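Note that chain A is present in both complexes that follow, paired respectively with chain B and with chain C.
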Partner chain A sequence: MNSGILRQMRPTFVYALLGIIFMFAAPQVLQLFTIINLTTAIALAVLALSLALIWGYGGILCFGQVAFFGLGAYAYTISAINFGGSTWAILMAVMITSAFAAALGYFIFFGRVSDVYLGVITLTVTLIFFSLIRRTSGPEYKIGNALLGGFNGVSSPPINLPWNPTSFLFPEQVFYVAMAALILCYVFAGWLVNTKFGRVCQAIRENELRAELLGYDTRLYKLGIFTIGAGIAAIGGVLFCNGVGRITPDVFNLYNAALTIIWVIVGGRGTLIGPIGATFALFYLTSALGGQSVLNNNLVLGIILIFFVLLVPKGVAPTIIDWVNARRKKAPGRVRRRRGSRGEGAQ
Partner chain B sequence: MTRQRGDVVVETRDLCMHFGGVRAVDQVDFTLFDRELRCLIGPNGAGKSTFFKCLTGQLRPTSGEVLIRGQEMTGAEPFEVASLGVGIKTQVPNVFDGLTAEENIWLSARRWHGDARARALTAETIERLKLGDIRRMLVGRLAHGQRQWVELGMVVAAEPWLVLLDEPAAGMTHEETFRTAELIEEINKTSALIVVEHDMQFIRMISRTVTLFHEGRILMQDTMEAISADKRAREVYLGHRA
Partner chain C sequence: MDLVVAVLFQLIYVIANLALISLGLAIIFGMMRVINLAHGEFLMLGGYTVVVATNAGVNIWIAMLILAPLVVGIVGVIVERLLIRWLYGRMVDTLLATWGLSLLMVGLVTSIFGASTATTVAPPLGAIRIGSYAASGYELFLILITIVLLIAVWLTLRYTKLGLLARGTMQNAEMASALGVSTSRIYMVTFGLGAAVSGLAGGLLAPMTGVLPTIGATYIAKAFITVISGGSAILAGTTAGSVLLGGLNGIFSFIAGSTFGEIALLLAAIVLLRLMPRGITGRFFRKSL
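Right, the complex of A and B next:
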């Protein structure tokens, strides 16, 4: 029934197409500095996408999604230094992070840890990484040839062409890679939520007991989407340390952990494009605020969060979708288009 | 599947469920035969729902055994019980509020079948339960009775050979209750059923054999007429109603 999935993924393809246009147009009109900055924003958008997937569709409020992001970045950097090339390092980053998430998730989901404690555990894991890596500044803390560097972090080797370690990509090329990765991850996530697996995950989000009573082993599904989300976050981490040029333990701090949640709240749970858009918007807002000294950056972010929680609790994208749907229904004399046979797919 | 009418499909041996000092279910030996329709009745706190939850894996019994089709299922997870082909409806409607009625039912059918068959089965179930008007509505926006029906639809769509219903008619209108009784009769043509109920009228509509719970134990097991006629049963339960 592939045609059905493709039909439900139509909005996903539309956004992916817009992304492709942006990918090729942006370097033509924007300055290199902006492009380098954009690469970082794209990396963060991949992180937001991963949380949008596991929280918005899997119902798993992971407060430490940034742990997988940072772990991916560190795994990439350390592997790239040791292997002398990025090809296997990228794969290692995704695999190590997913394996770590699978192990952590196994104890959480098969131990039937409740939602609140899941948030606490994942946040704690993030902060443990933060404290642990900050203390690795001596020369004795090295993995292979890579010094961990404590709170100064490690400088990350740039991505090179596959199996050609001497052909480093230039910042503009890294932008293409990042944008392509974001689009691919987005389409993959959009496809995933429309598969049987994705639909069962949404069912579990709605009512875990009912999903169990239908005969689904909810622990396996939750572990699955959690692990996949961690893998996507790791890809974001790889892009991030490429955009910035180094990775420091600050990636694991409380501020970043909370920021990820804010992107998804503002963008809207239950959509994938919303959190991606919110990440870009808030990233540029933060940059703009950084250029002035009248208002404190965190204060503004706090106000935005409170505004959304109180007044737009569903987030931007779902609110717009509801509004459009309501208007479409009201519009007189128009033949109402039939929606996909099983409701709205991924947006 | 070789099943015969006389086969035992559910059996509990010496089943106990204690909460602290409260013996919610106490040494219950229970047997259900294939294609049987059994009602569990009893006053509030008699242990019917606790017994039900022990059968469905929602509670792990303190001691004793639960066997479903001869398989030891004591303390199994709910999905393991459901995976045997058991359809379960809980007391409080357990539905997927954020999904449409159609999606709810599809998720049940899809557990057992490929997508094409699941869709056909979903359409069939919607037709059969007359849910056509609400199929595309979010279940969270439906009235209580309609939600109950969506949940019954989920049970039916899985084509279970054993159906466990906890107060299926609770909160339904008279018309809906009547239709539920009809549906139960229909389900009973192909599957065994255990129905926990309060509504005496409803039980009279569907009942064959009734098991009367009292203080965690089985007090009587007979036809509704016999139970209505029994003095002890009237005292514990029916006295103030019938």
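Right, the complex of A and C next:
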């Protein structure tokens, strides 16, 4: 890793440090119930991060990121039940999901399916998962020892210490694991978008034809970032089924697919921290809405989505960054020379 | 022999069903390059119109064939004026905005009618006999009306002035505009018509499926695969997509159960798009409507 990347990643490290402080401070101040809730929100934030990576940086409009999230959760649960421990199950979850994404991505990218069709296909895959797994309620639908359970889902064994299946983690410890996973995934994604690979992906996002004429096999790069994003989503899925304690086909439904898109739109495409922040904000908004019955959740989310698409198409984080930059430029006596183009650095 | 006829009938019904739920989407997509993610909710609204109207004492045929398309068509025009109009040429944003609209409509209908199934309407036609097998008369009616609908759309596009203007706008909007066609109005009418056809489909299917606020989600996946596999030609695309995918779905459902039927449909669509990224009509029948 050269010093150039490290300098580019300075904001990433700042946010990661804040995350670490939060990770150690939160259990001291907050109650256990809140901590368990937070674990779920963190899992969803990992999902948002994965979409922020492949949509915001790879330019791949994937509507079915929850498919990878849910697949990861199911793969983890089923392997953990069969293996009697979570160590290999986590690995299996990431590998199965990435392999599935690679296979699906092969058909999509090598078929040169463009943006909008891509969105529709990935969404369709998600909905098919939804309707398929809902139907697996009979005793004949099982993988190894794990019953799929149809509509009711499967209860997930909790994470244990590596290679020690008897030492289960308590909810508070799962919180540490989740937060650490989020921070690691965030730093990894922040690093990835600043590597050569990440830069080529951004070039493809800006102008696919031009990137191709420069000699890059755009299909391969897109497939790469798509697969990595699916792997990260699978980690989110593993954390999610640990936070909730079970996994049901409902993760695959249209509402959750829309929610993922909304986090990224609201947070802002082209940043990583924006969607993570938006996830936490909207998670608490929807929890608060769940407590009352006047306004329907779907209704509010629909309005938020339409509002952002029409009026704040860039999302919150980029709008704030633009605004701050504009202020900085205007401020007298503080005019600084711009150091290269910094627009695409990880935030 | 009776079995063959009965199975064939079922197969044709699956195909017709697919064409029926996809046609409204295909009209909007083929004409305007707008992928309407609220399509499922247009179908859902059509269903609710029928249920509400029949509960209020309206004859079921009037509710299905007149009220459902009328109500949803008006909703479509309003949506186009308030939302879609600002987003032409921005395909991704349109997609996202219509998704927001879809959530909004689900939320609204849930708030008004509640989250569970509203009172169902019984299919207004009894069973028919094929030799020793019974088949639903209503399914036969749906097959016939799908065919009538396809022919009606073809006649409209081919022989009316509106169809001519619409086809012109579809081929080259700027040129049509230079020749004095109000493309904005054409888009509005097309969107309204597409919505009306979706409403009609939703109304016709209401007796078969019942209505739920979230029922759109069960249609939307199939409708999208059909339209995208079919490609941009409205009629030829919808027909080709439905015949191919519906045929596969029907055959695999018959052999291995409906779960495998749906898997077969999806896999076929993905492989098809790998081979023909622009859909069936991107490769064959290019000049067709």
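Quick note on the criterion: the second predicted complex is superposed on the first by the 337 of 347 C-alpha atoms of A that agree within 3 Å, B and C clash if a C-alpha of one lies under 4 Å from a C-alpha of the other, contacts with A are read in each partner's own complex, and residues count from 1 in each chain.
Heads up, the rule we're going with is that a residue touches a chain if its C-beta (ideal position, glycine included) is under 8 Å from a C-beta of that chain, and two chains touch if they have at least 3 such contacts.
Bear in mind that the values here come from a model prediction, so they are computed numbers and not experimental data.
By the touch criterion defined above, A:301 lies against chain C but remains apart from chain B after alignment on the C-alpha atoms of chain A.
Comparing chain B with chain C, more residues of chain A are touched by C.
When the two complexes are overlaid on their common chain A, residue A:7 makes contact with neither chain B nor chain C.
Shared-chain residue A:202: touches chain B; no touch with chain C.
In the superposition on chain A, A:214 makes contact with chain B only, while chain C stays out of contact range. Once the two complexes are laid over each other on the shared chain, residue contacts for A:328 go to neither chain B nor chain C.
When both complexes are overlaid on chain A, the residue A:120 reaches chain C alone and has no touch with chain B. Within the complex, the chain A residues that touch chain C are 61, 104, 107-108, 110-117, 119-121, 123-125, 127-128, 130-132, 135, 253-255, 258, 261, 265, 295-306, 309-310, 313. Considering their complex, residues 35, 83, 86-87, 91-93, 95-97, 99-108, 110-111, 214, 217-218, 220-221, 224-225, 228, 259, 262-263, 266, 269-271, 273-275, 277 of chain C touch chain A. Residue ranges of chain A in contact with chain B, taken from their complex: 1, 4, 196, 199-200, 202-203, 205-207, 209-218, 270, 339, 341-343.
Here chain B touches chain A in the complex through residues 56, 58, 77-79, 82-83, 88, 90, 94-100, 102-103, 106-108, 110-112, 115-116, 119, 136, 151, 154, 158, going by the rule given at the top.
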